[in-house]
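Got a structure for you, written out below as structure tokens; questions coming shortly.
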Amino acid sequence: MVASARARERYPGRPARTSRQRGADGHRTIDCDTTTLESYEPTVRAYAPQHSWEQMVTNTLSETDPTRNALSPADMLRLYRSMRLIAAVDQRINQEVRAGTLNAATYPVRGLEGSCAAVGLNLRPVDQLVSTYRNLGDALAKGSSLDALVAEIYGRLTGASKGKGGAMHLQDQSVGFVTSTGIVGSGIPIAVGLGVAAQLDGSDRVVVTTFGDGATSIGAFHESMNLASLWRLPVIFVCQNNQWGEHTPIAEYAASTDLAGRAAAYAMASARVDGFDPIATALEVRVAVERARRGEGPTFLEVVTYRLTGHSGVSDYSYVPKDALARALERDPVPTFRRRMVEQGVAPVAEIEEIDSQIAAEVDAAFSKALEEPFPPPSERFTDVFADERLVQGL
Amino acid sequence: MVASARARERYPGRPARTSRQRGADGHRTIDCDTTTLESYEPTVRAYAPQHSWEQMVTNTLSETDPTRNALSPADMLRLYRSMRLIAAVDQRINQEVRAGTLNAATYPVRGLEGSCAAVGLNLRPVDQLVSTYRNLGDALAKGSSLDALVAEIYGRLTGASKGKGGAMHLQDQSVGFVTSTGIVGSGIPIAVGLGVAAQLDGSDRVVVTTFGDGATSIGAFHESMNLASLWRLPVIFVCQNNQWGEHTPIAEYAASTDLAGRAAAYAMASARVDGFDPIATALEVRVAVERARRGEGPTFLEVVTYRLTGHSGVSDYSYVPKDALARALERDPVPTFRRRMVEQGVAPVAEIEEIDSQIAAEVDAAFSKALEEPFPPPSERFTDVFADERLVQGL
Amino acid sequence: MTMAAALNSALDHAMELDDKVIIIGEDVADPAGGVLKVTKGLSTKYGTGRVRATPIAEQAIVGAAIGAALGGYRPVAEVMYMDFTAVALDQIVNHAAKLRYMSGGASPVPLTIRTCIGMQRFGAQHAQSLEAWFMHTPGIKVVMPSTATEAKGLLASCIADDDPCLFVENFAMVFSQKGDVPVGEFRIPLGEAAVKRAGSDVSVITYGAAVHTALEAAEQAAAAGISLEVIDLRTLMPLDWDTVLQSVSLTRRAIVLHDATMFCGPGAEIAARIHEELFEELLAPVKRLGAAYTPAPYAPSGLPFLPTAADVLAGAKQLTG
Amino acid sequence: MTMAAALNSALDHAMELDDKVIIIGEDVADPAGGVLKVTKGLSTKYGTGRVRATPIAEQAIVGAAIGAALGGYRPVAEVMYMDFTAVALDQIVNHAAKLRYMSGGASPVPLTIRTCIGMQRFGAQHAQSLEAWFMHTPGIKVVMPSTATEAKGLLASCIADDDPCLFVENFAMVFSQKGDVPVGEFRIPLGEAAVKRAGSDVSVITYGAAVHTALEAAEQAAAAGISLEVIDLRTLMPLDWDTVLQSVSLTRRAIVLHDATMFCGPGAEIAARIHEELFEELLAPVKRLGAAYTPAPYAPSGLPFLPTAADVLAGAKQLTG
């Protein structure tokens, strides 16, 4: 209460928010926000978040923060390439789903390109990542094979999972993209277990798990946070806060919308960052990754963006407040970051255009290729249930 | 971090602890303790809690706090009577289990007599309580029928559940003692639902749910805390922190041992109280109950005691540090409170002795009676599966 | 009227009739009105006090519904997909199903849990038919409709029932099933199967979406000169043994068909019981058809998972051949 | 050696042999060494890095074990009582059991989950035999030993197995079962049943604690002139159909016996399959015996719950009479 009471004094009339500082030990932590919600109103609610997303992210790196431009031009280009690839594949998938040429449940990642790429930038191939159904950005940023992912989405034998897992369960073990789960929150304890393995190996590899803001409500999240902190595991909990869980905005399901603040309950380091700013995100991820590599335990990172599309590839989006969405779209990460790179002269426009067209060609090629790949043969039906497929005979 | 950093300055060399204050709105809340644990040591651990229980409770009402004696002598006598009854039944059960004359799994409540009675004192019959396997104190403090409970523990037809539920699942619906669950944490969401009913009824009845310190690790706890706070339900979460979950001390399973501080993650009011002090506990429960009756939402109450017995009626207790246990036993609530009542002249010794012997007689009578009650007839086997017992015929 | 609209109508009437009926689940309030729009309009009509959208927290959803039931309400809790019942299973099987018994009758739990079987195109975690788990759990009723009208009538009965009921919908059927659904309040009693097509050669015992597989097979079989009787169980617990055994005692041949995994599935119970009761009458052993012993393969792969009309037809030919 | 000691020995050897074997669960570290002392001494010997006592958090326990398995380890996770598998069921059935398939073989999960069936004196939430849920879940093996020696040999095989295995112990048997258990490392292959008593009149097919019920009944039956063959399945998935069908093809009569609820239980699958395969040979329909369709009544009440030797004997008399 102390911190938020102070904050309220400083910013009278604004919703209480957390202050953010470096503790004596150099870890960034966030004090808890104990603001209580408006009293529960048993009436039809207006579906607008209590805070606008701008308010939620104002306490990230300011424009004048010197560390803001601490990424090398090479890293910025890597970030951009990764973001652009994610956006290109995402757009193509949505197009195919809408056109009815791909009969799959898919979950767009527009708005997350920068934050996914920022995570990927800080990871080595040996590091591991566990994602959700909204996995495309994570998969590509972690370096998964584009061909294997696209083929998987089309259910082909050459897919990363022989076409048997599908869009919601993308994985590419070969690059540490371990698994994607379709059940909210359920990948989090699995990531904790990968952290146990990393710790027992005595290696400095780290594990990242991504999940939505909505996943913070579920039990598995809570159990995992406690365990990871208790055992000081090298796990980074990346909460992709796009401020919606399907049709429900965060303020309507979270007693406290200060998600980063929840880490305090587990004595875990945490930070909130503007997920529409890939550089700010990359720098914050770096702090967390380094902490984990040093054996100093887990971090909870709340990456704040806004969902720029419907929940799934085909779902309705009319319920989202138009003005909030319009403001969020102004910060659409790929065009925004591209503009910034050009303005700051990070690379000549021609080089950026070259990247864009290279990626467009790569993506086209992957989709064309996938459509020519074979489907898994009937014999694949009973393989991979157990190591020994004979066990399934006759069942 | 702010609060605990400050605390560390004030008490150098002592483990960081939380500060406790009244917020601007008059609610008592606790700042989060973000102290990180000592780094995880993969060696055989010494099974001693990191903090002694005395350290955990020093921030409750001090000896000189004027509200400390704010209970009327009549209420103190009611508290004492309730505590004494709980202790007498508990002792008798343990005796029977040890003697082999009762073949049931039972969970002693010695040490909790005061905190259970303190809850009971503040509740009306229409208020509701959901308990755990360690339910005896809650059951009696809520006013359950002694005869029905004892008969139930002996599996008799006249038991509260016709002998079919048993010791782990005591209930007495008629007085609002709704249910006891054997699965850690699982009663908590059920209590939340009773809170929904109370809220929808527009009544001012409140719901209490009790659970152990160990239950704070489980997912159902987390989900319930968020929901109760989000909906501002009249639910009081009473965490009976006896500092052990079976063989594991709190510091070995909780990343942060500041359980009361966890309420901040849900923007829920909370307090920590010395559970060996029935008056302090009763006053703290009263604050929470009044808040709930006024429609101001839930409270999390961490009631700190120490487990004075083995986990179950028969289990080993050798692993508990002797000195900590000895210090805790000095505060054994029933004798301690009795002494205090005598010292403060709340009632003449003769009156207290009269209560003691009355209760001894009542308990004797209940046990003798139970042993003469009939067992449920074979026909009871298939009743109460469904409302219509014919549905179960032949299955 | 679609099955979605029929379910909505059942909920609407139940809420109108009894203000103790409440709804708890993710996205159930307007404007969403449920991800499949089944609860559309209800929060607007009855308020968000009675139609409560929740956090993503299935243990709390089911647990709170149990508590509200103990507190005098008739909650309808929604668990979006049947696969997610695994997240809330402790509340369903260890509490909802047992509380009446463990309390010697003092704590009935008049709760309905609505859930929905997904589709293979979602992948292996959104496509399971898990009714066998609940049939195996004493104390909870299990209902799986196959048409819009029955969905309405059976859901109304579940809500009015004093026992916990698991009401299982089906993603595809919620939209594809349409019918002339009676307006106004009406109920179909639990525990009564329906003969969906009369026949004399083979009894096909089935429920849920597979009823349509069976009816399709019956058409094809008729063309091949085999007469299938199609029995829609509608309720799996209690199960209408009379109708099943009477049909099989006449046809003397039976197929049990469902979309759940065959191994240790509902069909095992039904087949075993038919053998026990009609051992002398049967001309051939009961044939079981169910999902393969595999997680659901992702649909675009084209790998088969559920039994088809062709499988039923082949089974019928084998039995009569 | 008790079954507890035999299990301890299997764990000890597995940890000695392969430093990728780790243990995760509540109270598993010393001095507790597990609430039933099965893991006693192991944390002292192998360190608390490899033998990890956890918070009370079954989803995290099983989930972390899955993750550790994906990270190259062979975790043995403990879920104290089988009833609590309901709390962690999502991790077990939707993840452990499916990951290999969903990844096209890229993500095997060499995980063993140890759990324990409780007793009626604990009441309805600590007394269930829930193996049918897992048999019905493609992708997980299910093992239920009945003696100390087999417990050791089968647990060793589970840990060495590349698939997730559910290994089900039994509270009473952990202490009551004693035997001359082979010292040193040894394994009993999964999927092989054992004929525990040869007989010619009726095959009793069973597993776990019920094996002892069957053996007791076999003694009594012998006195009454009926010869029972007792088959201990030991592994329920994969299930040794060869041994079962061969026995029944000789005796031509069968009883399936288990402590799980009979309705929709493992016995339904076994009976259905026997009927399918040996329809012509059977002299009578297969008789099923299992727990009543009720939650477990609290033991002191004296209400019966599990099938007894007398039930088996009566069944055998009925089949042969």
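First chain written, first letter: the chains are A, B, C and D, and each begins at residue 1.
We adopt the following convention: a contact is a pair of C-beta atoms (placed from the backbone, for glycine too) under 8 Å apart; a residue touches a chain by one contact, two chains touch by 3 or more.
Since the structure is predicted, the reported quantities are computational estimates derived from the model, not experimental observations.
Trainee: Which chain's centre, taken as the mean of its Cα atoms, is farthest from the centre of subunit D?
Mentor: Comparing chain centres, A lies farthest from subunit D.
Trainee: Quick check: how many Å separate the C-alpha centres of subunit A and subunit D?
Mentor: Between these chains, centre-to-centre, one finds 41 Å.
Trainee: In whole angstrom, what separates the CA-based centres of subunit A and subunit C?
Mentor: 36
Trainee: Of all residues in subunit D, which are in touch with two or more distinct other chains?
Mentor: 49-50, 54-55, 57, 59, 83-84, 87, 90, 94, 101-102, 123-125, 138-139, 263, 292-295, 297
Trainee: Which residues belonging to subunit B are in contact with no fewer than two other chains?
Mentor: Residues 162-166, 169, 181, 183, 186, 199, 217-220, 223, 226-227, 230-231, 253-254, 385, 392, 395.
Trainee: Based on which chains touch which, is the overall arrangement a line, ring, star, complete graph, or other?
Mentor: complete
Trainee: Going by the contact rule set out above, which residues of subunit C touch subunit A in the complex?
Mentor: Within the complex, subunit C contacts subunit A at residues 26-27, 29-32, 35, 43-44, 47-50, 53-59, 83-84, 87, 121-126, 262-263, 292-295, 297-304.
Trainee: Considering the complex alone, what residue numbers of subunit A touch subunit B?
Mentor: Touching subunit B from subunit A are residues 1-3, 5, 19, 21, 23-25, 27, 29, 31-37, 39-40, 199, 217-223, 225-227, 229-232, 253-256, 261-269, 295-297.
Trainee: Could you list, by residue number, the parts of subunit C that touch subunit B in their complex?
Mentor: Listed in rising order, the residues are 22, 24, 49-50, 52, 54-55, 57, 59-60, 62-73, 75, 90-91, 94-95, 99-108, 138-139, 141, 161-163, 191, 238.
Trainee: Which bits of subunit A are touching subunit D when the two form their complex?
Mentor: 128, 130, 159-166, 169, 171, 173, 178-179, 181, 183, 186, 188-201, 219-220, 223-224, 226-227, 230-231, 383-387, 391-392, 395
Trainee: Note which residues of subunit D are touching subunit C in the complex, please.
Mentor: It comes out as residues 83-84, 86-87, 89-90, 92-94, 97-98, 101-102, 123-125, 130, 132-133, 135-139, 237, 260-261, 263-269, 271-272, 275-276, 279, 282, 284-288, 292-295, 297.
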